[in-house]
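Each remark here refers to the structure printed beneath this line.
In order of appearance the chains are A, B, C and D, and numbering begins at 1 in each one.
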Amino acid sequence: MKIAVLVGSLRKDSWTRKVARALEPFMPGFTFDHVEIGHLPLYNQDLETDQPPTEWTRFRDEMRAAQAYLFATPEYNRTIPGALKNAIDVGSRPPGKSSFAGTKPGAVVSVSPGMFGGFGANHHLRQTLVFLDVAVLQQPEMYVNNAAKLFDEHGALADDSAKKLFEKFGAAFAAWAKRFG
Amino acid sequence: MKIAVLVGSLRKDSWTRKVARALEPFMPGFTFDHVEIGHLPLYNQDLETDQPPTEWTRFRDEMRAAQAYLFATPEYNRTIPGALKNAIDVGSRPPGKSSFAGTKPGAVVSVSPGMFGGFGANHHLRQTLVFLDVAVLQQPEMYVNNAAKLFDEHGALADDSAKKLFEKFGAAFAAWAKRFG
Amino acid sequence: MKIAVLVGSLRKDSWTRKVARALEPFMPGFTFDHVEIGHLPLYNQDLETDQPPTEWTRFRDEMRAAQAYLFATPEYNRTIPGALKNAIDVGSRPPGKSSFAGTKPGAVVSVSPGMFGGFGANHHLRQTLVFLDVAVLQQPEMYVNNAAKLFDEHGALADDSAKKLFEKFGAAFAAWAKRFG
Amino acid sequence: MKIAVLVGSLRKDSWTRKVARALEPFMPGFTFDHVEIGHLPLYNQDLETDQPPTEWTRFRDEMRAAQAYLFATPEYNRTIPGALKNAIDVGSRPPGKSSFAGTKPGAVVSVSPGMFGGFGANHHLRQTLVFLDVAVLQQPEMYVNNAAKLFDEHGALADDSAKKLFEKFGAAFAAWAKRFG
């Protein structure tokens, strides 16, 4: 099953990206398509012509090709980053032709270097995914906090409680995705 | 008092922009700075060097120079557009140097051509403004719905109940802004 | 399939209750258990002894016996009524023994006599249902507005667009519930 | 200045209540009215007669007499407890006669024994307070986490970073309240 991974932080060495990568071994049976979102022109309906920006078209094709979605996001100003929201806006248009259509399974993982684990971003994103008709896993919720302390000096996941959470998440998501298979 | 106006839709003829313009006569005593947000590169911390993108620097200067903020936003996918969120992300950085700092007064106006008046965008934006320390007017809430029906064929505001709401809003915001003067 | 119906308004003639009843013919194959919530003592952990209030125990048993949940709610002060939230608090306790446990299917229907259809209540309730692990139908979203105008003088559903929405909802929920059967 | 304190947990020894009490020394110049909410009958419009429940009337009078509001709340199921929401529902009715009316200053403090500090309760409550026209302090946000570890064996606040946060909060709220004096 091909899962599109959207990472909300554009920073090359972002903790969110590391967490998204670290989840992969806990999700056997999936292939991961790490989708680029940093180059997408800001959504503007005036560009929605017969020839929309090629970056939009390619992104939309990737969303359409995916069988599931993993959203990994930091929290910027108590909600999701503009870059991630822009990608969703692009993918959901034009009206009536959303490339997310079809009740596909998805998951939200919010990540923070601090204590609160991106709670605000996590739930705002879930509100958006209601509209997109992405069927989002409910439990376990994934608020990954203190992200900088989860990895050892080689970048390997080293925190035991994170490992347990990731394992639980991987199993739950596999069972969830099967319901929509 | 100089108020920066941020419009969440980039479309040239957007209803949100028209509503923002139509509010001006109801807000005497303010000068309006319609700030461009469509050209801002997506926020990426890797670009936050000694020489960040010039569009970022100019936008941050405009935010800093404003004495109040008016956010006029459509709802995309049950929350604010990526373009508006990106502008806020840019303005709020780098950490500890937010150009919104200083407990300035602000208001949120959500606009939709449909029935629900952008409720989801309105309140998600309010959650973000808590973090930015923008003091947001509470009442009257501004959910401007059926936006396409508010204007006559010359583009003038023609709807009586909208006029009354705008008038109430203008008076309330003037009184609110005075508390922070 | 036995579905527990929780109505957020305690008023005998509430529009929300009428809408919940009006949905039933559009949901063939379900039996409806209209659960009382108005008599539940406010949740207080000090009452969580070996002998909790009998109303709590009965309600918890009803939640446990249900195979699906339908939450029909008005919006009070931009979120769900205290009475509905209290029922959920009672049902979810004691910790580790939630009577909602088990990834059962559910749906949220928000109802208002005004224009906005209870958007705020709808999404706040969805946030709570993430924690309860109730798998909530995403589409169609059910914001039932202008509720007073949907019924004829005999109390029968008479509004055509409401009928279409209810029909779409009934079919979508049946398909959704089957995924969890 | 008389501030009404509403505590969302009914448990006698609740952490939230302790935190609310511990804030008082950091808020000189205020007198604190700890309002009872656990005895309020669930809001039901059918009881809104010429003779509503006396507990409602007394509570409404207390809300009306207050010059400011402090809401201290735990998080139950990712939002505020039913008991607190019910109190707000009672106080805000009947329509057009809200006992919260008048743009009074307020603050939200969310408390948890765990890591996330009641983020979900904090922001849901803020959404409600928009409708009530309570002017809520934006910064510092008060997410009081690990609440059980803040106090010494005599019940005195003993955590240094909590003390600093409470001090910052007390000063900010005093300045905020003055704007509405």
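Operating definition for what follows: a contact is a pair of C-beta atoms (placed from the backbone, for glycine too) under 8 Å apart; a residue touches a chain by one contact, two chains touch by 3 or more.
Model, not experiment: these values are computed from the prediction.
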Legend entry - Selected interface, A-C versus A-B, where C-beta contact pairs are more numerous: A-B
Legend entry - Chain at maximum distance from chain D, centres defined as averaged CA atoms: A
Legend entry - Centre-to-centre distance between chain C and chain A (centres being mean Cα positions), rounded to whole Å: 29
Legend entry - Between chain C and chain B, distance of the C-alpha-averaged centres to the nearest whole Å: 35
Inset, instruction - Mark out which residues of chain C touch at least two other chains, giving numbers and ranges. - result: 78, 120, 123, 127, 130-132
Inset, instruction - Under the touch definition given earlier, write down the residues of chain B that touch chain D in their complex. - result: 103, 123, 126-127, 129-136, 138-139, 141, 179-180
Inset, instruction - Going by the contact rule at the top, pick out the chain B residues touching chain A in the complex. - result: 9-12, 14, 38, 40, 42-46, 76-90, 92, 120, 124, 127-128, 130-132
Legend entry - Partner chain D, residues of chain A touching it in the complex: 78, 115-117, 119-120, 123, 143, 145
